Amino acid sequence: MQKILPPATEDLAFVIGPYQRPIARVQPGETFQVSTLDAFGNRIDSPDLDLTKIIQLPYVNPCTGPIFVEGASPGDTLAVTVGEISITRDYAVSCLIPEFGGLCGTVYTRTLNEPLPQRILLHPIDKSGMIHDPQLDIIPIPAEPFYGTIGTSPAIEAISTLSPGFHGGNMDAADICPGNTVYLPVNVEGALLFVGDGHAAQGDAEVCGVAAEVPTTGTFTVNLIKGNAISTPRVESEDFLMSIGSARPMEDAARIAFYDLISWLAADYGFDRIAAYQLCSQVAVVRVANMVDVLYSVVAKFPKKYLLRGQQVTGN
Amino acid sequence: MQKILPPATEDLAFVIGPYQRPIARVQPGETFQVSTLDAFGNRIDSPDLDLTKIIQLPYVNPCTGPIFVEGASPGDTLAVTVGEISITRDYAVSCLIPEFGGLCGTVYTRTLNEPLPQRILLHPIDKSGMIHDPQLDIIPIPAEPFYGTIGTSPAIEAISTLSPGFHGGNMDAADICPGNTVYLPVNVEGALLFVGDGHAAQGDAEVCGVAAEVPTTGTFTVNLIKGNAISTPRVESEDFLMSIGSARPMEDAARIAFYDLISWLAADYGFDRIAAYQLCSQVAVVRVANMVDVLYSVVAKFPKKYLLRGQQVTGN
Amino acid sequence: MQKILPPATEDLAFVIGPYQRPIARVQPGETFQVSTLDAFGNRIDSPDLDLTKIIQLPYVNPCTGPIFVEGASPGDTLAVTVGEISITRDYAVSCLIPEFGGLCGTVYTRTLNEPLPQRILLHPIDKSGMIHDPQLDIIPIPAEPFYGTIGTSPAIEAISTLSPGFHGGNMDAADICPGNTVYLPVNVEGALLFVGDGHAAQGDAEVCGVAAEVPTTGTFTVNLIKGNAISTPRVESEDFLMSIGSARPMEDAARIAFYDLISWLAADYGFDRIAAYQLCSQVAVVRVANMVDVLYSVVAKFPKKYLLRGQQVTGN
Amino acid sequence: MQKILPPATEDLAFVIGPYQRPIARVQPGETFQVSTLDAFGNRIDSPDLDLTKIIQLPYVNPCTGPIFVEGASPGDTLAVTVGEISITRDYAVSCLIPEFGGLCGTVYTRTLNEPLPQRILLHPIDKSGMIHDPQLDIIPIPAEPFYGTIGTSPAIEAISTLSPGFHGGNMDAADICPGNTVYLPVNVEGALLFVGDGHAAQGDAEVCGVAAEVPTTGTFTVNLIKGNAISTPRVESEDFLMSIGSARPMEDAARIAFYDLISWLAADYGFDRIAAYQLCSQVAVVRVANMVDVLYSVVAKFPKKYLLRGQQVTGN
């Protein structure tokens, strides 16, 4: 199995775009491994570091990529099935980063208040995969790793790995996890896939801005759906069809997600659009993936058990 | 058991405020029944009605109330435990209301596009509590009734029953369901509780603006927490502490909810605020209750299993 | 000329709604005087007061009213022409109110940061109408008084005098000034007009949340436009037609304002709606009235010189 | 005087970033001319074209650049003074683009409503510089040309020329006009300046999404302010200091603009930050530059006559 490692420091990907040389090439149908650094480039190993030296924008959240998918052409859709994710360090990092997070003034929601203090926590992960909090006497949190960042190159833009968008990117959606398939748009030859930002655990919304950040090695299988352009990332699990919208304000993220989910139900599953809209109002599930990044991400989910009966077997 | 019925048509409550005469009085500790009309005043019994005649603002979403709680004074908190909810009709109503909903131009998000068409569906509910969709060949949806609207009077404002807010109101949060306790602020003598908008089923976000709307009879128990003002509604279930924020844009609803949840963890459960903020970033659950009402509502939930160990037994 | 004074303290209007007894009655066509307290009830006379004692929600921004307009019925429009405004005190008050304002965490945009400090400034107003800043060596600011708050009662809601909305209210639009006519919806018999919140000077957006607050005596003339309902407040000056939208997020306020302005141009001035939309994109003027209140207010203005030539003489 | 022309079609700049080769080099202090295509690449010459063929994202709004400024290094500020702007065509183009604009569903504010129709207008510009509207009998609009798009390269991102941001870009602020100086951040060696999107006239907010679009030749003078990083674009005119914020929702754009304006007053003009905040609340002017682009842009303006007296002579 091909093993794709993060490039050397000077070649790390801090934008998702078409301007970096591919670090690996994969075939449609191929299963391969990708190793990722954590969002801080694995540079935090002590609670006493000065975060202002570690976090120097835009050099945050290094991704492993670009990975060139043979045969992928603009207008196709890339289907990435996530397999097992191994956490490759015995601790996770969480932080409070001044002027970043959901409940403080930020570079976007600018306020004159004094920033919150910085804070670093190292969370030991034991052999059974439980995450510990050395400061709090709570029961440990089970590690359920997923990728915060996965995306394909836009046609000509190069987008910070801190931002989610129509290309995927830093969605921080816990649905990008083992067993699920992510659909991403192909905008350039080879698709140019980037992966990073492993999370051992994360609450909905990632409210303080940082999850339990870990380096990983993950297994992926890519497939191409030729000539079937999608307009925003989708995810499919055993139980759900999901569309992910990333925008500000948050309601626009939800609108993008629901609009696409309804369009998907109409195009592939036989629903009338208005009927799908009304049915989603009764059965949809919504996840707020992040309320902290450059754009907020919202996942709209349709339970597959409510697909029209003739459609339930086939899947996408 | 006291049975509180909706008042005569001319006395129906379409605002939550201090200006209507109480229709009933209850004691702290008392368990009583409240019957509610559906959001359309039980006036939709056919898919062929003209919605513009049924929905004449502001006379929509009639609530049963005000209910005077003896002994409640400004600064107290009213704890309302929801018991069994009976659906008192053999069908639910769902609609598409032009210029209302999450994916269309509205009176707030004003657009020049042509409105979507109106549409009414009557959904039979069978004896086993399954909701059917006569137009779609899907498996039926189980009825899981809850109250879309529950609130207490503001001090001097009278707020449309279509709006949620710091007083509760039309939050459309499926957590206002049997077994859970809702905490509401007391702003006037007697608290003045209003209840309505029974939903047999609703997806997160209530995306088209209407759930499976039903009349109900519900059982409630009220208690007073004297001298302990809360700033936004809270809910407690066996597994979660929850705070509900209602605002626009949606991120402000999420901010209110998380801020209050963290304040709750700090005040009652021994957490340092910053530690609670960081922990919520790993374990919180978020529900988007509605993205269609006057204000959007978001529920931030903290799993009680992650309370500090010394605090897990006692509850609120 | 009828002189309408603020009522006694216990009867001051802190909500705009149908539940208070009229304090005066006026005839269509009548010119009358209204005196108003400042937004703090004239209670700030020193920079050393404790604002937390002065500002006790919801008892802020007392308005003078309700004023009953004879013959006004639901569905009419009330035209209120503002005449001379006298500032009735020799100083204005400005403040910094913790957790209120455009550049800090608030009860809506909730943050965990420490609040900004409180601060009170008294600004002497000299005989020539210049406002001085005793702390800053700047050239004095000319007083250009206007009313921050003017509105008519909703049908059944009672809305805080701190909030703007479709009923007018606390828009903080400097266009509510001498010579201009404000159009407000009539939702109840007698319209029930409320006026308050005199400002001697205010920048666009009122960014810190407080203007140069003053008590006033103003002259008003009211007229009725029978059977011509408007959906949001409008203002007409010698040079502009203006529509005011109040909503959050701010773009929704702008959408409401522009939608109404275009509807006005189409209904009364002969424009095709799409042509008006496209023309506004070339010639409209926008004022951000406030970015601090319960809802933000935006004024969209159409220069009357670009009315279709046949329409320029007649006015509304 | 150096004359910089738009590059050949295949080299047109549709992103602002560091990945294109400079098309010209200028010295600090140099005055030079730049010619620009209109936002549609000068391809609209008839009202009967099919816009879906003209507007193929992301190949819209071609800019002239990158222009390398000798000696510019990351952390410097580039001061660009705009001289005369010549409109180089005898008509302007305005359009209605389906799913783009302030009052319709868009790719961000996704709705299920039918899109508005496309519409193209050609506006003759006469020799006296008046813009005519062949469909409407209004008095002609005077041409007051400015640049909708001007920006410098981010460090590693390549941002669509349709988007404004901290780097400048598609702000659509009419203050980027003859006589004014724009300050832009330098993030890469040579700054890499891009200019385009000439507007012969535009209303505040550019509500339908398109101004009176024209090709131009403009005169510019660049200067470097070494070692003085700014965080968002600034503009200075004879009468105003201005900061431009670009974000969604619109209030965040206003927050960024005011925060920077206050920081500027504090750093360069002797103001205490809180005093500047309070003073802006009395005298600031706000322009909504656009409510249609990828991010909204708001200009916060401080009248220089209210600078502290000792500071009024010196300028920046």
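A, B, C and D are the chain letters, set down in written order, and residue numbers restart from 1 in every chain.
FYI, a residue touches a chain if its C-beta (ideal position, glycine included) is under 8 Å from a C-beta of that chain, and two chains touch if they have at least 3 such contacts.
Bear in mind that the values here come from a model prediction, so they are computed numbers and not experimental data.
Common neighbours of chain B and chain C, listed by label, are A, D. Interface comparison, C-D against B-D: more C-beta pairs in contact at C-D. A straight line joining the Cα centres of chain B and chain D is 46 Å long. Rounded to whole angstrom, the centroid-to-centroid distance between chain C and chain D, based on C-alpha atoms, equals 32 Å.
For chain C, residues that reach two or more other chains under the stated contact definition are 103, 109-112, 116, 248-249, 255, 258-259, 262, 274, 277. The touching residues of chain C, counted against chain A in their complex, run 103-105, 109-116, 249. Contact residues of chain A toward chain D in the complex are 14-15, 17, 19, 58, 107-112, 154-160, 231, 245, 247-249, 252, 255-256, 258-260, 262, 273-274, 277. Against chain D, in their complex, chain C makes its touches with residues 94, 96, 101-103, 116-117, 119, 121, 131, 133, 135-139, 141, 201-212, 248-251, 254-255, 258-259, 262, 271, 274-275, 277-288, 291, 296, 298, 300, 305-310.
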